[in-house]
Amino acid sequence: MTISANIIGASGYTGGDLLRILVTHPEVEVKAATSERFAGEPVKKIHPNLRSFVDYNFVSVKEIKEADVVFLCVPHGMAAPYVEQYMDSGTKIVDLSADFRLHNPADYPKWYGHEHPKPELLKKFVYGLPELHREQIKKSNYVACPGCLSTTSILSLAPLAKEKLLDPNGIVIDAKIGSSGGGAAFDISTHHPERVGVVRSYKPTGHRHTGEIEQELGELQGAKFGVAFSPHAVELVRGILATCHVRLNKQVKEVDIWKIYRSFYKDSPFVRIVKEKEGHYRYPEPKLLAGTNFFDVGFELDSHVNRLVVMGAIDNLVKGSGGQAVQNMNLMFGLDEKTGMWRPGLHPI
Amino acid sequence: MTISANIIGASGYTGGDLLRILVTHPEVEVKAATSERFAGEPVKKIHPNLRSFVDYNFVSVKEIKEADVVFLCVPHGMAAPYVEQYMDSGTKIVDLSADFRLHNPADYPKWYGHEHPKPELLKKFVYGLPELHREQIKKSNYVACPGCLSTTSILSLAPLAKEKLLDPNGIVIDAKIGSSGGGAAFDISTHHPERVGVVRSYKPTGHRHTGEIEQELGELQGAKFGVAFSPHAVELVRGILATCHVRLNKQVKEVDIWKIYRSFYKDSPFVRIVKEKEGHYRYPEPKLLAGTNFFDVGFELDSHVNRLVVMGAIDNLVKGSGGQAVQNMNLMFGLDEKTGMWRPGLHPI
Amino acid sequence: MTISANIIGASGYTGGDLLRILVTHPEVEVKAATSERFAGEPVKKIHPNLRSFVDYNFVSVKEIKEADVVFLCVPHGMAAPYVEQYMDSGTKIVDLSADFRLHNPADYPKWYGHEHPKPELLKKFVYGLPELHREQIKKSNYVACPGCLSTTSILSLAPLAKEKLLDPNGIVIDAKIGSSGGGAAFDISTHHPERVGVVRSYKPTGHRHTGEIEQELGELQGAKFGVAFSPHAVELVRGILATCHVRLNKQVKEVDIWKIYRSFYKDSPFVRIVKEKEGHYRYPEPKLLAGTNFFDVGFELDSHVNRLVVMGAIDNLVKGSGGQAVQNMNLMFGLDEKTGMWRPGLHPI
Amino acid sequence: MTISANIIGASGYTGGDLLRILVTHPEVEVKAATSERFAGEPVKKIHPNLRSFVDYNFVSVKEIKEADVVFLCVPHGMAAPYVEQYMDSGTKIVDLSADFRLHNPADYPKWYGHEHPKPELLKKFVYGLPELHREQIKKSNYVACPGCLSTTSILSLAPLAKEKLLDPNGIVIDAKIGSSGGGAAFDISTHHPERVGVVRSYKPTGHRHTGEIEQELGELQGAKFGVAFSPHAVELVRGILATCHVRLNKQVKEVDIWKIYRSFYKDSPFVRIVKEKEGHYRYPEPKLLAGTNFFDVGFELDSHVNRLVVMGAIDNLVKGSGGQAVQNMNLMFGLDEKTGMWRPGLHPI
């Protein structure tokens, strides 16, 4: 099988990392990488890591031809027109924007500050988190990839939600994310002397990804969640650590938590439970995941207060973006979900 | 006035930064800096930043003579014998170890795993957080400086505790700390290729500083607290950010929070409320505090869930250690607490 | 004595660090900090480290009144009009731009690509490197502060040039500089994910500071120099290390080098010779100098090839910019050159 | 073909990165990874990136059985006994230590301070730089992999040496290397608060890799070289940039340099000439190479002085160590040298 693929909006970090994965994917041929800003310029000028792998130029989206699958890496709010256009053509769509993640149209004004332009299309999309919706994704032509912070948070807590163990009002998620999470757009806040070494609470309340987290955990547990979510910018390029401080509905033992996580993720090759008795890597550590599609999760029960601490880690540009998109594509085309991505990360890094 | 000072255990990061402050303090003369390991070697060999400022060598503690004040920078558990010895001599004692921070002897087995060797001495020490205990410190000869994570956490929430606003079981403190917090002792976990770029939950439950936090907030509010505290190692040398996710006992408005913090800290020159409408430094940012004794605090009310997010930041080696020790010493000797430390931090850094 | 000072162009990193030093300088009162872009906005909004130290706003240069000294922190090429204006008024001028550093008008087209707008003014300025021109600076009203890379390079080699030991065509200077050297202006090359961790040869040939280096070494040795100069951007905010690989005109011993450096810098309090037998800080290390006005220098003779390696280090924003400006000002007003800056750096940092 | 491989000394960074490459190499099966210190412990405990890829434990070297190839990742000076032992058995040997790199026994006392224990074996080894000795490596059973700094320096200048263009006494190589270059052994100099942010000249003269550089360039040009080599530790984990400041024997144009490099490296897939007119990645940048086996090289002629600046970059743990070892192994077994390593690096990183 060779799957032909178009990438719409390939000059940013999301599109770039997707391209990095696809150029060595054994079953994919990239037909076009679009950028309105850089049309006509070599892809490797913007993504210098692709020297020797990509010799073509960016093209305008107006010039592309049909492909088996299209990846939408456009800014939030700009995916809907493309979706309408490609739906007609039979092309499978993997949307990496936020535009089709939330099922309830009312959640768009709430979290994004505007009405959804095509609410009737929302129900056509599967929420592209394979560990939760693998079977649906396999059967779907339209997948909306989750946000990076949402991916980490949801996967950290999904097994507990499935068991209805979470107190829906006792969830604090304190996330830490590297600078690539903000994308390739720059301003004074991303200027190196300003950004380096920060431990910055940049959006302590009201972060948009909260909506996705509440949707998915709510569906799993069958309850309405009110999640206290706060992300922080830290000194790192790729990586997220989500520290989830949660109250449980009933007393559980450590061995039960182990069982719940092992059982929930038993068919998920990219999920690893990381919880060891000793060693400095005894819990998940995002830097070890750079360039990989893994989600690592660990936990610790707090006997002092009624709390479980769950720590989840990913590379935001891979499992939180391009890698998850490829994982979804693999499933949509009947491939092993690991295809093209089964490689260890770097250590040291 | 010239205050003569001895520093016991001056070769570590705590002692070193204390020395850095004292060598340009206008009212202090350092008589001896001790180190059993490096006795006879130049201080500047271990603290190369002190070249041109310090020409003497480390000496053994056995060789030192009396001074007006002694700073104990010894490892936790080793301060008691020194305290007994110096109490007799009339020397004022500023202890930077953990040995005299907790008032209740029962808290030592609980948080430190061993009985306190001299429980009868605990009540002789004031908890050396000037913003809470300024008047007591002025009158005391024995001060126990708080831990760095405790300092940040307590100062972040003290104004709310004073107003009895905190739900004692609704406090999650997610702290982030730089590598100097672990001191000068090294192992594989602090080896640069392993430690750099980490976002590491190294002690998700059961951290010792929890005891201090509960003690001080409990005293202020007159209640028993169960604090959920989790520190993380991040890529930074100096600095702590404590993100405190707290539930309040009653509904308050943002303007009330402003008033409460302003009022509580109106006589505390080293406390700054940092909360601006825009700009990338609109909340506290630890890197801006490197080398200074400031505690910066900001907050945000979360209308989505019942939560106040309070963010506090310090330099763990200054306000969390040597600087706070000097601030205490200044008060104990009747000096302005700012003496020797009234300087801005660096930007950029 | 209280010296009144105006800072023209105070919103960049150069002006900001100058301001940081002046706000605690015991003999200076800042009258105005100008910024055309931020006029009317609080200084502390742009320089958040100055909270609690500066409560005034930036003003337009059009609004300022006369002062005893004016610091010009304007972009290169824009100082000449201010110089003409202030010369008439009797104000002393410390220019931090490149506009009056080179004595020979022909050097401007060569290194800066344009004719000098006021070549007749060049000879009125002293090259503001106190370690070379201290007596002239004391008597001068107009001082042109050297570039940061020039400062490091010239001070590294000046003692050898004085002794006529340098082979004028055998000098390779390989410099490494932190990101603050590029100033507060940002673009994609300074975007954190792109800039972090770089070891980047950004101007391997033709760097403008070469002209200053050749001028000053040439004057000292009485010869015409052709310096091979290449700067590199490295992961650091503040700091320069210049590694100077030089051939000497005659065989010398290590002890002679020691004598030459000690003698040349015997009256220069901000210069330290750093060369120890062991320890990881046995040679100059820029990070230890952050926030200080020190220049540290060390060396090693290479018996394998005919080479002396001289390593010099500074904080580019202090000894390479604002600190050197204050050092010059101190001398111009008859103060001890250390005034307001005699403080150790941080360790660890 | 499946090649069975043993790795002797697999717990360090060199062995670990070799293992990382081999676990996804399509033609290799690792039979044993030895470590005397960690025998019996899981490999993934020391190399946490190999979770899900390696389930076996380290074993003692005493327990291993014969394999088609053995990789020696032992400390310098300890490879000779293994070489003698395995030579008898017909196993191919890829030695990553320094023990068989230098052809002239007299170079060992000179650069390593001791006589070579088995000088008669030196001539049996090929210097394992495929870009220089590809055909010999294909036919050899014994290959000595170059040092990481040597690889970068030699590959940077080899095309010029081949054309006899280098002035043998006009070569200054100023190298910058990340912290992984020092290996997994730690001490105070590698303690994170001390090592982070350094720009450190740690061995300005007399570095051991100089001998390899002089040997290989000397052989190519047929001349005796005296190279001025100085490495620096910079803030980075993986990566080397070698800035080579060289005088040429005759005047050449830029276009000639292009031709010389293109021609020399036309059959070397891992070499890329990186020299663009604009963009912040217009010259080689080591961080883009992390995890890859590429060597990137660029250059600039300096018309001001008689100098060519050549910049070469690698990942010291891959092209400078484990990756080069696999490249050699591929050639020794008749495989395409790219096998198992043809993947782009990360951007951003």
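A, B, C and D label the chains in the order they appear, each numbered from 1.
By our rule, contacts are C-beta pairs under 8 Å (C-beta built on N, C-alpha and C of every residue); 3 or more make two chains touch, one makes a residue touch a chain.
Every value quoted in this text rests on a predicted model; they were computed, and no experiment measured them.
Asker: Consider the two chain pairs A-D and A-C; indicate the one with the greater count of contacting C-beta pairs.
Answerer: Here the pair linked by more C-beta pairs in contact is A-D.
Asker: For the sequence-identical pair subunit B and subunit D, determine the rotation angle of the Cα superposition and round it to the nearest 5 degrees.
Answerer: Result for this pair is 180 degrees.
Asker: Using the average of all C-alpha atoms in each chain as its centre, how far is it in Å between subunit A and subunit C?
Answerer: The answer is 46 Å.
Asker: Could you please state the distance in Å, as a whole number, between where the Cα atoms of subunit A are centred and where those of subunit D are centred?
Answerer: 36
Asker: Pull out every residue in subunit D that's touching 2 or more other chains.
Answerer: In subunit D, the residues touching two or more other chains are 13, 179-180, 188, 193, 197, 237, 285, 348-349.
Asker: Per the contact definition, I'd like the list of subunit C residues that touch subunit B in the complex.
Answerer: Interface residues on subunit C, with respect to subunit B: 13, 16-17, 20, 23-24, 45, 47-53, 179-180, 237-238, 269, 272, 274, 276, 279, 281, 285, 288, 290-291, 294, 342-349.
Asker: Per the contact definition, I'd like the list of subunit A residues that touch subunit C in the complex.
Answerer: By the definition above, subunit A touches subunit C via 13, 178-180, 184, 186-188, 190-193, 195-197, 237.
Asker: Touching residues of subunit D toward subunit C in the complex: what are they?
Answerer: The contact residues of subunit D facing subunit C are 169, 172, 174, 176, 188-189, 193-194, 197-202, 204-206, 210, 226-228, 230, 232, 234-236, 239, 241, 243, 245, 280, 283-287, 298, 300-307, 309, 311, 313, 348-349.
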